[in-house]
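See the structures that follow.
Next come two complexes, and both contain chain A; in the first it sits with chain B, in the second with chain C.
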Partner chain A sequence: MSGETVHAAPASSVSEKAVPGWFGLVPAITLAVLFLIPFAIMLSVSVAHRVPGGFFEPGFEWTSYERLLSPFFGRILYTSVAISAGAAAICIALAFPFTIFLAGMRHRVQTLVLVALLAVLSLSEVIIGFSISTLLSRTAGIGNLFAAIGLIDGPRSYTPGLFALMTGLCYLVFPYAVLVLYPPVSRLDPELRDAARMMGAGPLRTFFTVTVPLMRAPVLGASILVFVFTLGAFLLPQVLGRPNHWTLSVHITDQAIFQSNLPFAAAMAIVLLLVALLLVGLTLLLGRESGGRR
Partner chain B sequence: MTRGLRLFYICFILFLLALPIIVVTGISLNEGRSLRFPPEGLSLRWYGALFQEGDWLQPLRHSLIIALSASLLSVTIALPLALYVWSRGNWLGRALHTLGIAPFMLPPVITALGFLVFWVSVGMYGQMLATIISHAIFLVTLPVVTISLGLRSIDMALVEAARTMGASRGQILRGVILPLIMPYIISGFAFAFVLSLNEYIVAYMVAGFTVETLPIKIFNSLRYGYTPIMGVVAVLFVALAIVVFGLIGRYGDLPRLMGSDRSGER
Partner chain C sequence: MTALSLRGMSKRFGSLAAVDDVSIEIPAGCFVCLLGPSGCGKTTLLRLIAGLEEPSAGSLHAGGREITTLAPNRRDFGMVFQSLALFPHLDVADNIAYPLAIRGHGRRARMERVETLLELVQLPGLGARRIHQLSGGQRQRVAIARGLAIDPKVFLLDEPLSALDANLREHMQVELRQLQQRLGVTTLVVTHDQKEALTMADLVIVMNEGKVQQAGAPMKIYRNPANAFVAGFIGQSNLLPCTLGSDGSVDLAGTRLALDPQDRVKTKPGPAMLSIRPEDLRPDPQGPITARVAFIRDLGESVQIALDFGETRLQAVFAPRERPDVAIGDALRLAPAPGGIVVLAPPEAPAS
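Moving on, here comes the complex of A and B:
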């Protein structure tokens, strides 16, 4: 270990000399202008004066934020959190064993499964929404199959509704959940499990007394990230859910594009941003804690 | 749990993930304009229609131009960023790393709205260039992550050796470092390309009414009537993603790229 640190010092100075300092400036300026400034503008728009039918004019008023204090908005926030938390919980419950089994497979099998997961992950919500709504529809869907087996009387549709929405959300985040869990799970020392097994613990007992305690922080962190990811779903609630399932993200899109009320959309986005930042910060903190303990 | 049961669980979940895609593939093969599954009469006519019907050809062209330029641009931003962060551990390096990761961590609706108000303020709302730049920034995280991973795997002895042999900084960069991280640059580009092609909300908010991309076109069709062409686009996107990630998996170490440390041992 000490040999490594001694080696690390000259190595970093070598790499430092390999890259000129101005390399940092180009991305710094680009990202500052194109990523930070948009957020600054959004903040200013959220307190700007709305011009009905147009965009907005500069100003300072709390109108948009005051609208956020209404019971209507409270219900939206509650719906968003309840739906996202439900989907995140189901997803992690399915993805955690999946990832553990996956990490134990041969390298080749892992590669194949990862290709499949990445392919699903790269699909946009539009395509997922279309595919799931087709799968659950009356003309093409599983209702046909159930009717053919004799499970139900005739073909029926399962969309839109809460079931369809939850299916869609789980489909959307499952690959993400596995890929977030994959690094910590695959680094888990298999010898610890082997040791427990050798001492006579059964597979279930090994899972609950060795794997779960070791993985508590990573799983909690992954749950939060998956929750934030689901909070961002803006299209599935529209396509697969009913209007009372519309989440905050749907309302942001709706206000920005169809009601052309940019200040209100910006105010909602700021609230969502704060929630997301808070949760991601919490995740980073959790990660550091578990890293320190090791 | 036995090995067979584990394999069964993995295969079962993969089957569930494949189910919607199987149904959509079936739909894309319908002979008529209906969306039936199993399809009524097999035909590939809707695959031809995607490349012939003007109202689908235009979005296809837009999507390809945007994905290609945006992923090139995001690699151009990510490469110096990753090199700088790798070579220096100072505050600017850490800040840059956070900035590079942030666009992907936040719900995309927020980033999309940020871009919308930005382009409205700059006066470029509704232009294709705005979509390209927005995608490049939004997806910059992917090449940043892959290139940083590549840089971390470089054996510093090689760089040191090149330096003692009298190679200049530019020569080391071009002759040693770049060739070593080239596979990671290409994977970063491929990730950004596939995701840009599929991206909807940023493209929609920035120029949804003037520059229609394929996902936007599908979304509009979701409201105004389904056709089997939507299935065709979905099938092509899935196929493209499988080819791209399959190639990365074939020629690179995908488990390592995804963050597994011990994958090489197996």
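Moving on, here comes the complex of A and C:
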């Protein structure tokens, strides 16, 4: 400090020196090493030549992408997007009202619920998948409970199937949706809802004319997050779904690990990435267009 | 005719009584100010009337009908919130038309009404603006227009002017009062600003600790405060501990004051509290009160003189022409103006 007394520099330039300019390169380099380079490798693998029964050798050919153009893979892509979009829609439809309800509770209760949700995040996809599979099974599942109270004639299984798969996916992403929605929802001025009530709107009208429009951007953001997240799920569709519910992620795993067809797996991954980016971009564009009209 | 009638209304949050057994009759067309320090329960009382809080006890009648548990959206009241609560996702016109849209009015009717209201609050042609494009005063006017859109039976305002700067606030007080007189709508305003209450109100309700301390016309409350709290809260007042004698005189720390027949005595002989307004202390060479000048503020329009009287500090206000020729440190003899003294019960010692 004594050295500064002669050439008293402004405090700001001192603090700027504490973090040198090249420091900003660190995240950029990390991103390049951990994301761009693997992505480039994947791109190059996707156009490599496959050696049947063996591995692959460098090359440039569209063979793997041509294979993707078949109706079979078109249907898989459609299934993937439909399942993810469906899971995202159901999850947000549950998480948004839940978050509003949560934000209205006492502070101590809110903290407890948020901690519980964070705890759920520590469960891996494997544990969630097999827990729900057991819960919905014929031998140990809720079918026994329904039978015992006379709702159905005898115990039955609810897994595998679309219902089980959706339950699993929603369970997996629900905490993320709530954690993303919670900050904006808890900051929403309660007087806005009071104002709508005073002007004659019932609770439902208030929700749809005030809360939903004000929370559109966070809801859109949470939807995209949840959609992209479920698009990458490869375990739950195998554990809880039937083969016709297997998503592109499942097939990528299958091709890469069990069929040893890395070029084809890489091509599928690239297509999945592009489709995901396209859908996210479209959603953002739609959100902005109607956002500008507001 | 009575527009609103509150009977024994209370609201408890846990063990705290935010509103404690309040009963008031509010005549139709009356401009009422709920006045009190922050935390006195005035906003809670307003929210009880609005239906945004449910009372723990008591009942509320409007226009002869009991509405104690009626949902707020079915009361047809207008309200301006402290945060204004304008909808940022709607423009000015849609904000004002919101209650009309909820009631299913057609687009043409809505827009005509919006035009009328915008002119009423002196913002013609601003219907297409976004809320964030408006100044604080303009937002205030939009919130008032929105609250009046349905011709409400009762118009409620929660500290509506507190966000404005002092000049604009005084201007809006006058404007709000004139608007209310023109429309004749029964209006309740919550405020902690006693000048605001004196400017606007037909009826001032002074609250403290959840209870109504006094209700009445502003000047009646000013001239004739019911207790030491009201005397100290409305306007400035010199509050002096004294002893009330049974012969119509008070003993003020050794100084005997004979009371004028116009003075008001509101307590039994014994320990009491004497209240006298600064403008009711007159310079008088034969006056019974002798005090030492501690500070002089020459404000042009008036002269404020602070005086040391024994242990207590007195405030006196004189017109510039009546300014006694004194300097700091001089002794000044004062006499109370006839009718200027109110002898009140001593403030209760904090029991709990």
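The criterion applied here is as follows: the second predicted complex is superposed on the first by the 243 of 294 C-alpha atoms of A that agree within 3 Å, B and C clash if a C-alpha of one lies under 4 Å from a C-alpha of the other, contacts with A are read in each partner's own complex, and residues count from 1 in each chain.
Note that in this section contacts are C-beta pairs under 8 Å (C-beta built on N, C-alpha and C of every residue); 3 or more make two chains touch, one makes a residue touch a chain.
Bear in mind that the values here come from a model prediction, so they are computed numbers and not experimental data.
In the superposition on chain A, A:Tyr78 contacts neither chain B nor chain C. When both complexes are overlaid on chain A, the residue A:Ser249 reaches chain B alone and has no touch with chain C. Legend: residue contacts after superposition of the two complexes on their common chain; A:Glu191 is shown touching chain C, with no touch to chain B.
In the superposed pair of complexes, A:Tyr171 makes contact with chain B only, with no contact to chain C.
With both structures placed on the common chain, the touch criterion links A:Pro183 to chain B but leaves chain C unconnected. By the touch criterion defined above, A:Phe208 reaches neither chain B nor chain C. For chain A, the partner with contacts to more residues, out of chain B and chain C, is B. Shared contact residues on chain A (touching chain B in one structure, chain C in the other): none found. Within the complex formed with chain C, the chain A residues making contact are 189, 191-192, 194-202, 205, 209-210, 213-214, 294.
For chain A in complex with chain B, the residues that touch the partner chain are 10-12, 14-21, 23-24, 26-28, 30-32, 34-39, 41-42, 45, 55, 94, 97-98, 101-107, 110-120, 122-135, 137, 139-141, 144, 171, 174-175, 179, 182-183, 186-187, 203, 225, 228-229, 231-232, 234-235, 239, 249, 252-253, 256-257, 262, 265-266, 269, 272-273, 276-277, 280. Residues 1, 6-7, 9-10, 13-14, 17-21, 23-24, 26-27, 34-37, 77-78, 80-81, 83-84, 86-89, 92-93, 95-96, 99-100, 102-103, 105-111, 113-118, 120-121, 133-134, 137, 140, 156, 159-160, 163, 169, 172-173, 177, 194-195, 198-201, 204-205, 208, 215-216, 218-219, 222, 226, 230-231, 233-234, 237-238, 241-242, 245-246, 249, 254-255, 258-264, 266 of chain B are the ones that touch chain A when the two sit in their complex. Per the touch definition, chain C reaches chain A in the complex via residues 50, 52, 71-79, 81-83, 85, 87-90, 98-99, 102-103, 146, 149-150, 156.
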